[in-house]
Each structure stands twice: as structure tokens, then as C-alpha cells.
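Here is the structure we will look at.
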Amino acid sequence: MTGFEDLGYARPDTDREARMGVPEVVYGPGKTVEQIVGVVRSLLAANDGPVLVTRLEPDAAAAVAAQVPGGTYDRVARLLVWRPATGREFRLVVASAGTSDQPVAAEAAAVAAALGLDVHELRDVGVAGLHRLLAETGELQAADAVVCVAGMEGALPSVVGGLVGCPVIAVPTSVGYGAVLEGVTPLLAMLSSCASGVVVVNIDSGFGAAMAAHRMALRLAQR
Amino acid sequence: MTGFEDLGYARPDTDREARMGVPEVVYGPGKTVEQIVGVVRSLLAANDGPVLVTRLEPDAAAAVAAQVPGGTYDRVARLLVWRPATGREFRLVVASAGTSDQPVAAEAAAVAAALGLDVHELRDVGVAGLHRLLAETGELQAADAVVCVAGMEGALPSVVGGLVGCPVIAVPTSVGYGAVLEGVTPLLAMLSSCASGVVVVNIDSGFGAAMAAHRMALRLAQR
Amino acid sequence: MTGFEDLGYARPDTDREARMGVPEVVYGPGKTVEQIVGVVRSLLAANDGPVLVTRLEPDAAAAVAAQVPGGTYDRVARLLVWRPATGREFRLVVASAGTSDQPVAAEAAAVAAALGLDVHELRDVGVAGLHRLLAETGELQAADAVVCVAGMEGALPSVVGGLVGCPVIAVPTSVGYGAVLEGVTPLLAMLSSCASGVVVVNIDSGFGAAMAAHRMALRLAQR
Amino acid sequence: MTGFEDLGYARPDTDREARMGVPEVVYGPGKTVEQIVGVVRSLLAANDGPVLVTRLEPDAAAAVAAQVPGGTYDRVARLLVWRPATGREFRLVVASAGTSDQPVAAEAAAVAAALGLDVHELRDVGVAGLHRLLAETGELQAADAVVCVAGMEGALPSVVGGLVGCPVIAVPTSVGYGAVLEGVTPLLAMLSSCASGVVVVNIDSGFGAAMAAHRMALRLAQR
Amino acid sequence: MTGFEDLGYARPDTDREARMGVPEVVYGPGKTVEQIVGVVRSLLAANDGPVLVTRLEPDAAAAVAAQVPGGTYDRVARLLVWRPATGREFRLVVASAGTSDQPVAAEAAAVAAALGLDVHELRDVGVAGLHRLLAETGELQAADAVVCVAGMEGALPSVVGGLVGCPVIAVPTSVGYGAVLEGVTPLLAMLSSCASGVVVVNIDSGFGAAMAAHRMALRLAQR
Amino acid sequence: MTGFEDLGYARPDTDREARMGVPEVVYGPGKTVEQIVGVVRSLLAANDGPVLVTRLEPDAAAAVAAQVPGGTYDRVARLLVWRPATGREFRLVVASAGTSDQPVAAEAAAVAAALGLDVHELRDVGVAGLHRLLAETGELQAADAVVCVAGMEGALPSVVGGLVGCPVIAVPTSVGYGAVLEGVTPLLAMLSSCASGVVVVNIDSGFGAAMAAHRMALRLAQR
Amino acid sequence: MTGFEDLGYARPDTDREARMGVPEVVYGPGKTVEQIVGVVRSLLAANDGPVLVTRLEPDAAAAVAAQVPGGTYDRVARLLVWRPATGREFRLVVASAGTSDQPVAAEAAAVAAALGLDVHELRDVGVAGLHRLLAETGELQAADAVVCVAGMEGALPSVVGGLVGCPVIAVPTSVGYGAVLEGVTPLLAMLSSCASGVVVVNIDSGFGAAMAAHRMALRLAQR
Amino acid sequence: MTGFEDLGYARPDTDREARMGVPEVVYGPGKTVEQIVGVVRSLLAANDGPVLVTRLEPDAAAAVAAQVPGGTYDRVARLLVWRPATGREFRLVVASAGTSDQPVAAEAAAVAAALGLDVHELRDVGVAGLHRLLAETGELQAADAVVCVAGMEGALPSVVGGLVGCPVIAVPTSVGYGAVLEGVTPLLAMLSSCASGVVVVNIDSGFGAAMAAHRMALRLAQR
């Protein structure tokens, strides 16, 4: 038993569910509909848990879903899911700074929900109107982890990191223009956060934040 | 009650232990010995937990320790600690790629140990000699979290992230020259990792990785 | 009348006081003691207002002061001043995020004070312990302008900018390491601030912030 | 009273007019027509002053205006305004270096005018034909503040900053190619200006410059 | 005899086959169909070996092929070839990290095959599922050279470089988003590889990797 | 007499011909057809010499030419010219490295020709086939100045600069991909040239190179 | 048998000689004398081939050599060697552009010689005086591989790559100032070379170039 | 006759005087005193014109001068010269923006003077006090070429370029801090200049500017 299937164009990692608690997640861009269908079928057959395709545009999602029944598509999150998980005891708050950050926050929330986490969203709580965020202090302090999604100067995780003791996962977005440098500025700012212990994932990677939360939840469940 | 003490030159956040489970940690660079002594005394008086000063050079550490008894100094980690914590059930593996990455790994390990975590170190397990890392697969899979410290191309967390299901905290170091760009290259590489859910802290920030592990451990302990 | 004096190695702008309300300020680095002495004498003779030399190290300051009597040196701000101004009605708050940002904040405060502004300093009010800043809301809202000095992620002006209606002048500092990129990160973050109307000066330029405040004060005084 | 309204997808900051003298301004990109309509209605209801939507394309503007009567759209500035303010005594000169910088200058002028400032525009006064600028010295020196809009090498604010004593707000634009680096070059140049006290906002942010002027005007009015 | 033909718009280097063992290869972008036809005819007439046009889109390829008979077009590799070589004894393994890296790997493989090398492809052997790569250790160790194609963090050549003693040619791809910086991150990571003696070519340059292998094969053949 | 005409949207610098020997040249991008027509009419009326509009797309060029008779459009150079100059004794060689660099070389050649210089073009003389360049050594050494146009690594001016004693004006182009960084790489390489006295203009700025040659020719003519 | 020795602070890869034809090479910086001594002894005991320590300063080299007899130190190359290899049939030409590039070229030559290759050096053959290089065309064409060492604009490998058919390994150096950006400019230029099949190693990495040549030589020897 | 002498460590280009009108100039950094002595002797013997060593520190200059009589050292310009040229009819104005830019301006002036040009210096004519520059308009317009030396925002050549018709050679300096990025900002600004036909050399390269002027003067002399 090799732990993977060789499809020629791809080698789905059929052993990953055993190692990491969730099957390999398929990254959509750069793959043909046929390739996605083949990989998804392989993963559905070799695993028991949820199978996800991320960053899939509506047309491709429809074409894949037509060939592999049972999938559900979330248009804002651009996520296609089969066999979503449920009922894991892990409260994840996804806080986003501005309305324009919603697509990234939506990806984080949708992936985490598909993996069975208990997701709560707080929208438009940017630091320029601090009372909007402080009104949610109780909600934030009840979380097992907080995902902070922000573009521009990316200050949200610094403020949230000072309010809560749980893990804070910062997601910079490419929202903004000019000096925002397509998300590089909030990325660097979050890495430089004066709030200690804040961790960071790639620009616009709601997916990465959700998977980080999954790793934390997996460990809690094993306790 | 304000939650901080105003020393004029600094405002120690005396409320932080309540919010985050550990007193404010003092960042040494740019502060005079007198300022450090003042802040440390304020924190020792207002809290019960461990008090730490990071990135402190030996001379300054000796001068501070002479005025505030009870401190222990770790020369490799450049860390000065009073009232270290003990006995929290959280197994943290600190894996480092090369011998030159040790000072950063040492800071991560020393801070985490001072906060009471159960720390295990794996040294010189870089990916160019994969058998050195694979020999420790069992050790890695037994961890509650793994800190991966690496300079140069920063590939270690990608490989470890594929081997374990627990949280992986990547720490880029400034080890190397030329295209390493003083750590920017491994930083960007770790943020771009193909292993999903890997999280990243600032270059050379062993401290940041330890604090991220503290946040995870705090949440587990509250379960 | 040419509006400048030609010393050969320099052309002090003797007309600047008339145009801008304050004589030309001398930038110390890269000039010899003799050059500084010559320029200062020229400016003292041709103007009535305060004459300043910025970024001057103690030894050079002592050598200059020995040749041009009446100067006062501020060691933290590295500022040498003759004929400081007094009594302009303009309340300037200089808020700094961390203790390590003090030298830059000190330059802003010292230059502004030498130009006659009414300066109030708030130290160690970084956003990771928000209650330390919020305790000063009244002080901030009483200001004619607020200078925000911060390194690392540079989030302070975004939060302050949301609390006050007066001008907010952001000064990024080179405090921090790694992803801070010697101040480029807080610089970019401040330029990307979600708080509208925040303005930014160069990295570590306490001087630039003070001069911007001077321009605002000059206009108010003319009302 | 919370100071904001929770619309689910957004939290309009209904308290901002009290803090900053002008209601929250809506940033158009990344929001649906329905979201903009909802936020605008909330802001119109909760405040008395002007309500603005920036960077709105003509089609979206028409759709919003059809649902919220009373709005006026400026196609060059891409600005949609309800209840523009009038009659504040603050003379703002908006000077732009080249004809291609006009859209950014137009945004600065239109936003400032909507906030009630007394706006005067000087177009095509770039430094390569200095007599075009020097012919306007009187106009510049009569201003309460000058906004300098320039792309390419961004030299305009350095020259203007030497001619006037009032605040100079520099706006780099992305006009030009190659080494202009989409506006990063004039941004850095303006931050490095040898004219002291020049302040800078984000690339192409006519809006930011106008808001900075608003902050200055607000303070003057309170005198 | 000059060693080139002057077509006015181009100077095909007709002497290159003698110097380098293969005729000049035509880079498609920025050339008109007529220019490509002219250069290809010149090269076919003056040389004996294979003539290649790289990075040619399907429409242009069809137009060229219609005018110069005998060409074969590979749509994935975007390569148009006349007179492909055969039978050189050089085993080249082209290993790619992910399915999205295939177009670049395909270019490397197609160019190398057209030059007569013995090409073997290994697809989807990224380091996050190490067992997929380790299953091919024998295949890798039998190679005369290995081309490693990877985007994101570009870790593949570091791992392969530790497994084999033969030359390893790393090709970074622009696959990924955000911190990948359009391929700059894997480029820098590969240059910083801890596996000694790994060499690197330009981002997405499957062509460059194939030509590097050609140079090695040429030398072996002369032994 | 002011030396400019105020059209409201632009201030044509009618005095420039007197100062610089050639009327102001109009930069096309970002201007409407009406604005270009107005500026061109103003310049034709106030000057005697050639009037040029650069970087003008065919449609805009046709619209402008229809309203201002006598213009000639060069589609490759994207240049629209009225009253071209003739007969200045200055031999300018425009050498370009590859066929893809032609549009930039064409702009340099067309602008220089419109200003009356004696232009000779050498195409496809890149350094990877040195004999193509060395065959033109006589041509190069007969020049009054050489413009070197090259993308990729931008090595051409270093080699030419070693062959000739006359001025060498280097023009980096954005030709290439990946590490070429849209022309930044050849720009930096040319500035770092080991051939002494090579001067550099902006990326893709054939116009800038031609104007630099004009300045040299003007001085020679005044001798 | 694990294939490595665990010294606690390091894990010498004792299996590497079997996989790669040469024992692990020790990178000196960041290691104490004791650590180097321990690793060197481990490698000497477990292998038969040459053992090298690179980038070692003279004092450290003397201290190590005193404890591990038989080592030879090259002060220019900063290389310490035990049991150098001899007599492999592989002719390596190391060509360097300027006198200031010598230390990097010396490292390439010394490492290659210690590994037994037949090394020939060509110094000061930069492209600004092409006849110095062309005089060595025969020498270059007789090589099995050419290492090209150059700083500034890094044009040497482009010219050499057009003259020879064998592998060309480009080594950028940090020689130069300003736009050279400490070697980043020649690095990017070499990656963008118009000479096809040129491969590149890290800035100043004479070691990397020598190891790349070793990999090629190993493969030839196995033929 | 080869056109160079092979000293082993260097190949002085003895043919350069014939090609370029001046012997090879020796770049000091990275060369030993012995190497410099050897190269200088070779150049003095093989040529008739001036021999220069640039960027030489005082100690090394004294050591070289002691072995090769007849040299004159300029401490500010760090230039060592034998057989300076005289009497060429070419008026070069070297204008510098600030007193701190003097060392770079001094190098430009000293090299140009050693090559026989007629050099006039204008110091401290930065654009923030425009009257200081405009007072020299006559001087500028009488020049055959103007070298503009400026750090910070590098605006000087844009203003000068609009005042004169002769060649303008811009030299960015590393003077300033923060956003100046060690001279990269004025470099990019000068390349982006709105004054057409301005040419640029490397950061701090007074030498490069002087050599560019030499090339222009050489061509004029041949008329």
C-alpha cells in the first residue's frame, strides 16, 4: 500500500486523512475539470471525511458537480464540498475588518464549517471605529481561536491579540490600493504585530486560516 | 482600577495576566537598565506568573539581575526569567534545520519552558538529509504542536506539515547569505507552504512561536 | 538682496523665516563642525527666530556649542537649539507606542517645543493593551494635532485617527526586526490606514512631524 | 446606544460625525449596490452632514442613485454625494503637476468641496516648466493648505513646500511607467522631500488628502 | 562568411549549431508571424539540427506551420518543432511538485525531447506528501540529471538534491498567490537551497532547464 | 509675457523651444483627444519647430490627426508628428538586442528622426551571438552617440560601451519574463555597468533616449 | 544503521558520501570551534573522501586545525580541507570579471580542486574590454564546464554562454555599490540571460558553483 | 599585440586609450596595494594620458603613492591621479543639492578636472529654496553639460532639466534616511523625471557622471 493513487497527471494523497484528520483538499486553479473530477473521485473513494475544492469559479464548479453528485457550492467562498463534517466542539470566530474583506472571510468560514467547526462571523469591525469591535469583546473571549481578516494596514489582529488569550490567526487581504501593495503591507504588518503570539498565513488565504484552526481543533479533540 | 501602572517612560500592562494567562513580556532592546528594572518590578508586584525579558545582552542582564533578585539568565536564548512556570500538559517539539539556527530555536524553547510547557528539541534535521528528520517521525507525531525553525529556503515546515496533524508554527531565520535576504526568503517561502494550515511568525522570532504555543496550550487547559 | 548667503560650501536660506515663519533648520549628518558653525552663525545673524541643528551627536554638539554660545543640547532628541520660541497657542500631543520609540518621539517633542508649541507627551500607549490608550481619550481629543510615533506594525495612528477629529501625523519608526524592514512596514501600514485623513512623514522623522505641526500652527495663528 | 448600526454585512459608524465632524465616508470598491444603498441610508438617517461614496464607477453610481434620491455624481472624481456641506472658511489649493494627474486631483477637489471647503485648482504646474508654477506664487501663498498631486518623480511638493508656510499635503499618483513603479517612486520621493514638514498620503488618494484638509479645517473652525 | 544572416528585422545566428550543438531557438513572444517564418526558414536552411519556436500561442503556431511545412506543435508546452533529434543517451527526469506546475514541466520535457534527450516525467510529487516522492527514489537515482519544477515555497529541489548525486536543475514557477510573488519566492528559495550544488533557471523557464540539460548531455557525448 | 498658455486643463510651455531647442513634447496617455488637439494647436501656433505626441494609440492618433492637419503617424513607434525637423549633423546609432525590443528602438529612432538627427538602426545584435555585433564595430565607432536598447539582462550597453568612445545611452526594456521583473532587472544592470560613463533612461523610454541625444546634438550645433 | 550521528547540537549526515559522492561539507558561520571540531571528526571517521569547512575566518581555522591535524587552510578562499581528492578527469574553467571578484572565484576554485577537479582560472576578463576575454576562447571551449563569476551588471555568463556549448554556471557577486544592490542585480541579470541554458547559484557562492560542477563530474565519471 | 597585459591577478586594458580617449580607470575597493601599484604601472607605461584610481582611502592612497611617484591625492574625492590632462574646451557645471552631497559632487568634479574638462561647482542649490538655484540660471545655461547631484527626493535634475537645453546628467546620492532607501529613491525619481532627456548614472557615482561628460567632450573635440 503506497498511500497515494497515481492518476498520471496527479497523485492524490490517500493517506493524508490518517495523518492529518482530513483528506487532501484540492486547489482548483490551474487544473482542468477532468483533472478535478478524477482527483475528487479518488479522494471520495479512499477516505471517509469531507472532500473540498477551493477557489473554483462558478462555471467550473457546475461542470464538476454535474459529474460528481452530492457536492454543494458556495459562490462567495468559491468552495465546492462533498460530505461536510459536523459537530466538532471548537468555537471559531472569524472577524473581518471591512465589507470588502468578506470574500476572504467567507472562505475561512466556509472551509472551517465544512470541516465541522462551530463558526461565528463578526463583520466590519475595523479599528478606525473601535466601539464596533469592543462591543464584541465577550464574543471574542469565548472563542477557541479567532481568525482576523484585514487588508489595508492590517491592524485588527494586533488589537484582538491584546483582548484575548486564545490563538489569533491573522489573514492579510489584498483589499486597498497603492501602498497596500496587493496585500504585502498588511502581511508584513501582521508579522510585525506588537501583540505577542499572533500567527499569520498567506495573503487572501482564508483556506490557510481554516486549516490552521482545524489543526488546533484536532489536537483538542484528542485530549 | 486602570489595568496599568504609569511609570512615565512606560505603562506596564498589569491586567494582561488576567486576559492572556501570562504577564506582559518585556522586550529588551532600546530600553535602559533602569527602565527594565522598573518595568520588571511593576510586573512582579502586580502579577503571580512568570516575568520574562527577551533579547537581553549579557551585560545588561547582569545589571538587571543585580537589582532584581531571583532572575535566571539563559545566555544562548538571551532570556532573563523570574518565577518560571511549571507543569502545564502541552508537549511542544522545537525542530531546527541547521546548527546555525540554534539561537532562535533556543529562544523558542527557553520562553516556552519558562511558561511551563513541556519542550523537546530536535536539532539539525534539515531537509537535505531527510533520513535525519524521518528518524524522528514518532517524536513529531506525539507533539501537541511543532515549532519549525529554519533559514535558507525554509523548507522544513512544509515537510513537517505533511507528516503531522497538529499545529505547525514556522519560524524563519536570518541564517544564510545573498538570496536569503536576511530571512525574507524563508519567511515568504513558509507563508507559501504547500502544506496546508502552517502558520508563520516574524523572522528570528523564537519568542513569537513560543507565545503562539502558549495561546494554544491555554485553550487546551481550559477544556 | 538675494535671500541667501553664499558661504561656498553652503547657501543658508536667509529668506526662509519670512516665507515659512521659522528660519532654515540645519540637518547635522554629513556636515563638519566648521560647516555647522558657519551656517548657524549666518542664520542667527539674518533671522530673529529659533535656530536648530538636528541629529547631532554629543561630541559634535559640544564642539559647535563651544564656538556659538547660547545653544542648548537635548541628548535624547539629539537637538541643538538657540533662541527657542515660546508661547504659541497650539496644543500638540505626541503619543508613542512603545518605550523603544522614545528617541523619535523625543525629537518630535523637542523640535516642536523649540518652535514654541505647547507639547504633551503620552508614552507606551501601543494598541496591544488598548486600555492604556483609551484612558487618555480626553487628552487626545483636546489636542490641536496628534503626532503618533510607532514602529512594528504601526497601528497606533489608525486607532487614534478614529478617536479624534483633529489632524493626525503618523511617524513610523525603525523599531523592531525582521518583517519590520527597518521601518518600511509601519511606513506602508500608516499610508494604508483605514482611518481617513491620517498623514505620514518619513521613517524616524520626529523632525518632519514637528515641522508639519508648525505649518498647521502657523496657519491657525494667522486667523 | 452603541454608536453603530449592525446591518449584518456592515456596521455603519453612526457616531463618527460626533467624533470627527463628518459622517463615515463609504469606500465603493468591493461592495455590492445593495450594500452601498443600505449603508448610505443608515448614514443619512443617523447623521446631519454630507454622505459620500468614493471610487464608484458610473453604472454602480446610477444604480445607487436610483434607489437613494438626492445624490449627485461626479464622473471624473468618481464621487457620489448627498447633502454637500457649504460655507466653511478654509481656502484649499489643489495643485497638480500634469494633465494625466487630473483624476486624482479631481477626487481631492470634489471631496473637499463636498465637505464645504473653498477649493481652488491649479493644473499642469509641473516643475519642468517652473515659470508655470511661479506665476501662481500669490495664489499658493494665500492658501490655508495646499494639496500637491504629482506622479513620475513627484517633485512638486518639494518646490511648493519651499514657497509656502502653510501645510502641504502631497499625493503621489501612479501616472508614468517603468521606474515610476505604479506610484511607489513619487510616494518615496515625497516622503524624502527636502522641504521640511511636507506630509504624504497614499498613492492616488485624492480622498485622503481632502480628509486631511478637513481635519485641519475642523480645528481652525473650533478656534 | 559572417555566421549570421541579416534579415533586417533579425539576424539568425547560423553559426550557433557549430558552437553549441543545436541551432538557435526562436523565442516567440513579440515577433510577428512573418518574422517567425523568416527566421525559421533561415535556420532550417543553414543548419541540420532541430529548429524550435517556444511560447507560441496556438493561433500563431497554426499560421507559422501553414507556411513552413513539417512542424509539430505541442499545445501544452506551446512548442513548435521541425526536425526533432533522437537517440542521445542522456536520461533526464522532469519532476514537478503540483498539477498546476504541469505547463512549465511540459515545456522542459518537450524541449528536451525535441533535442533528443531521454525524458521521464514524475508529476505531483510535492513535499507535503513525501511518500509520493520517496516512492520514486530509484527513478531519481537512475537519472543523468533531474529537473525539479515547483511553485509556492519551491522546496522540491532541496529534497531531491539530498537524494541524488547527479545535477539538479531547479525551475521556479509562478504558481500560487500572495506571498509567492509571481514566482519570486520559489526562485529565491531555490537559490538559497540547503542542498549543495543545486542550480537555478528563470521563473517558468522550462526551456532554460532543458537547454541546461542539453549542455550537460553535449559534454557527456563528447567523452 | 508668461511663457505658457493657460488652457484650463493644461498649460503648454510655449517658451520651451527657446530654452531647449525644441517645443514641448506631448505625452499621450491619460489625455483626451480634445485635450491633445488643444495642446498641439497651442504648440504649433507658438513655436516653429516639430510638434510630437508620443505613446498614442492608432485610434486616438486618427482622431487627433483628423482635427489637426499635417500630422504623420508611425504605428510601430506610436508617434504622431507635425513639422518634422531635418538636416542636423548628428549621427545616432540605435542598436537593439532582440527582435522583441523593436518597438522601443523604433520610438527612439522615430523621435530622433523627427527632431532632425541622422539615425541608423542596428537590429538583433544581442550579446549571446557576439559576432553579429562585432560585425558592426565600424558603424558603431562612426556614431556621435549610440542608443542601446535591451531587455532581459541588459548587457548590450556594457559591451558597446567598451567598443566606442562616444556617449552611450542605455534603454532597458520590459522584454522577458520572471526575473526580468518587467524591465527593472536590465535597468539596474545598466546602471551597474562596468563600462564607464554609460548613462541610463527609464524602462521602455525610447523617447527619453532620443531627447538625451537631442540635448547632445544641440550642444554640438552651438559649437 | 541510521545514516547519521547524533551529536546533540548537530547530526552529521554520514550517509551522504554514498548518495552524493562526497561527504557533507561543513558551513562555518554560526558554529563554535567545538561544534566544528566535533562534526569534522565525525565526518572524517565515517567517510573516506575529502572533508571541507567553508567560510571559516583565519582565527577559527587555526583553532580547529590545532585540534584536528592534517587540515590545510586557504586564506583567500577561507576554506579548511582534510584529505583533498585528486585526479578526476573534469576540466573546470573559473572565469572572473574583475579583480574584486577574486575571493568568490577563489572559493569556487579551491573547493573544486579539493574535490579533485582539474581547475583553470581566468581573471579580469570582464566584458567592457572584450578582447581580454576573446583571447581565451580556446581555453573556454576546451572546458567541461565554465564557472562565470561577476558582480555589477553580471554580463559575463551571457557572453561566455554564447561562445561555448558546455554547461555555464553563473555566480553573481556582491561587488559594486548602489544599484548593484549587494549582488541582487547581477543575480537577476544572470537569471534573465539571453544565452540559453545558463544556470545560476546564490550570490557570492563560489561553493555552490563548485558543487554543481562536482555533480556534473560525478555523472561523467559514471559513464 | 593583444591590447592588454596579463598580470595574473589583473589584465590592464592597454588598448582603451585608443578606443575611448582615456586610459582604463582603476576602481580601488577590493584590490590590494600591490595590485593597484601593478595595474597603475602597467597603465602609465602603455598609455600617454591621465591615470586615475577612484574610491581610494587615505592610507591605501599614501601606500600606493609612495611606490608610484607623481601621483596627487584628493581626500574629499578619494581620487589618486597621475598625469592629469588639461585644456579641453568643455564647460561642465557640477550642481549639488545639499552640503551632505559634497563628497559625490567632489568626485565628479575631481575626475572631470583630471580628464581636462573645465569644471564649475554650484553647491547647496536644492529645490526647497528655489531662489538659490534661480540665481545661477546664467551659469547653468552657459554649460556644455550639467551634472546634478542630489539625495533625498532627487528633484534637482528635473528643475535644471527644464532650465537648460544641454545634456543633464543626474547622480543620485545615498544622503538621507528611511524612505530614501540608501539612494534608491532619488535614483528612481531621476529616472522618472518629467524633464525630458535627463540621463542617470549609478547611486553616488560621481565618477560615472564625469566619464559620461568625458564621452560628450570627446565627441565635441572630434568635430
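Annotations for the structure displayed:
The chains carry the letters A, B, C, D, E, F, G and H, assigned in the order they are written, with residues numbered from 1 in each.
Methods note: a residue touches a chain if its C-beta (ideal position, glycine included) is under 8 Å from a C-beta of that chain, and two chains touch if they have at least 3 such contacts.
Given the structure is predicted, the values throughout are model-derived calculations rather than measurements.
Each step here moves to a touching chain, and the least such steps from subunit B to subunit E number 1. In summary, the pair subunit A and subunit E forms a contact in which the copies contribute largely different residue numbers, shared numbers making up under half of all those used.
Residue contact pairs shared with B-E exceed half only for one pair among F-G, A-E or D-F, and that pair is F-G. Centroid distances built from C-alpha atoms place D farthest away from subunit G. Per-chain CA centroids place subunit E at a distance of 25 Å from subunit G. Distance from the subunit D centre to the subunit H centre is 44 Å, each centre being the mean of its Cα atoms.
Touching two or more other chains at once are residues 16, 98, 128-129, 162-163, 178-180, 184, 187, 191-192, 196, 202-203 of subunit A. The set of touching chain pairs reads A-B, A-C, A-D, A-E, B-C, B-E, B-G, C-D, C-H, D-F, D-H, E-F, E-G, F-G, F-H, G-H, using the touch definition from the header. Across the interface of their complex, subunit H is touched by residues 2-4, 8-11, 13, 15-16, 24, 27, 29-31, 35, 39, 172, 174, 183-184, 187, 202-205 of subunit C. Remark: subunit B residues 98-102, 123-125, 128-129, 131-132, 135, 175, 177-180 touch subunit G in the complex.
On the side of subunit G, the complex with subunit E involves touching residues 16, 19-21, 25, 144-145, 162-169, 187, 191-192, 196-203, 207-208, 210-216, 218-220, 223. Note for the complex: subunit A touches subunit C at residues 97-98, 126-130, 152-155, 158-159, 161-163, 176, 178-181, 184-186, 188-196.
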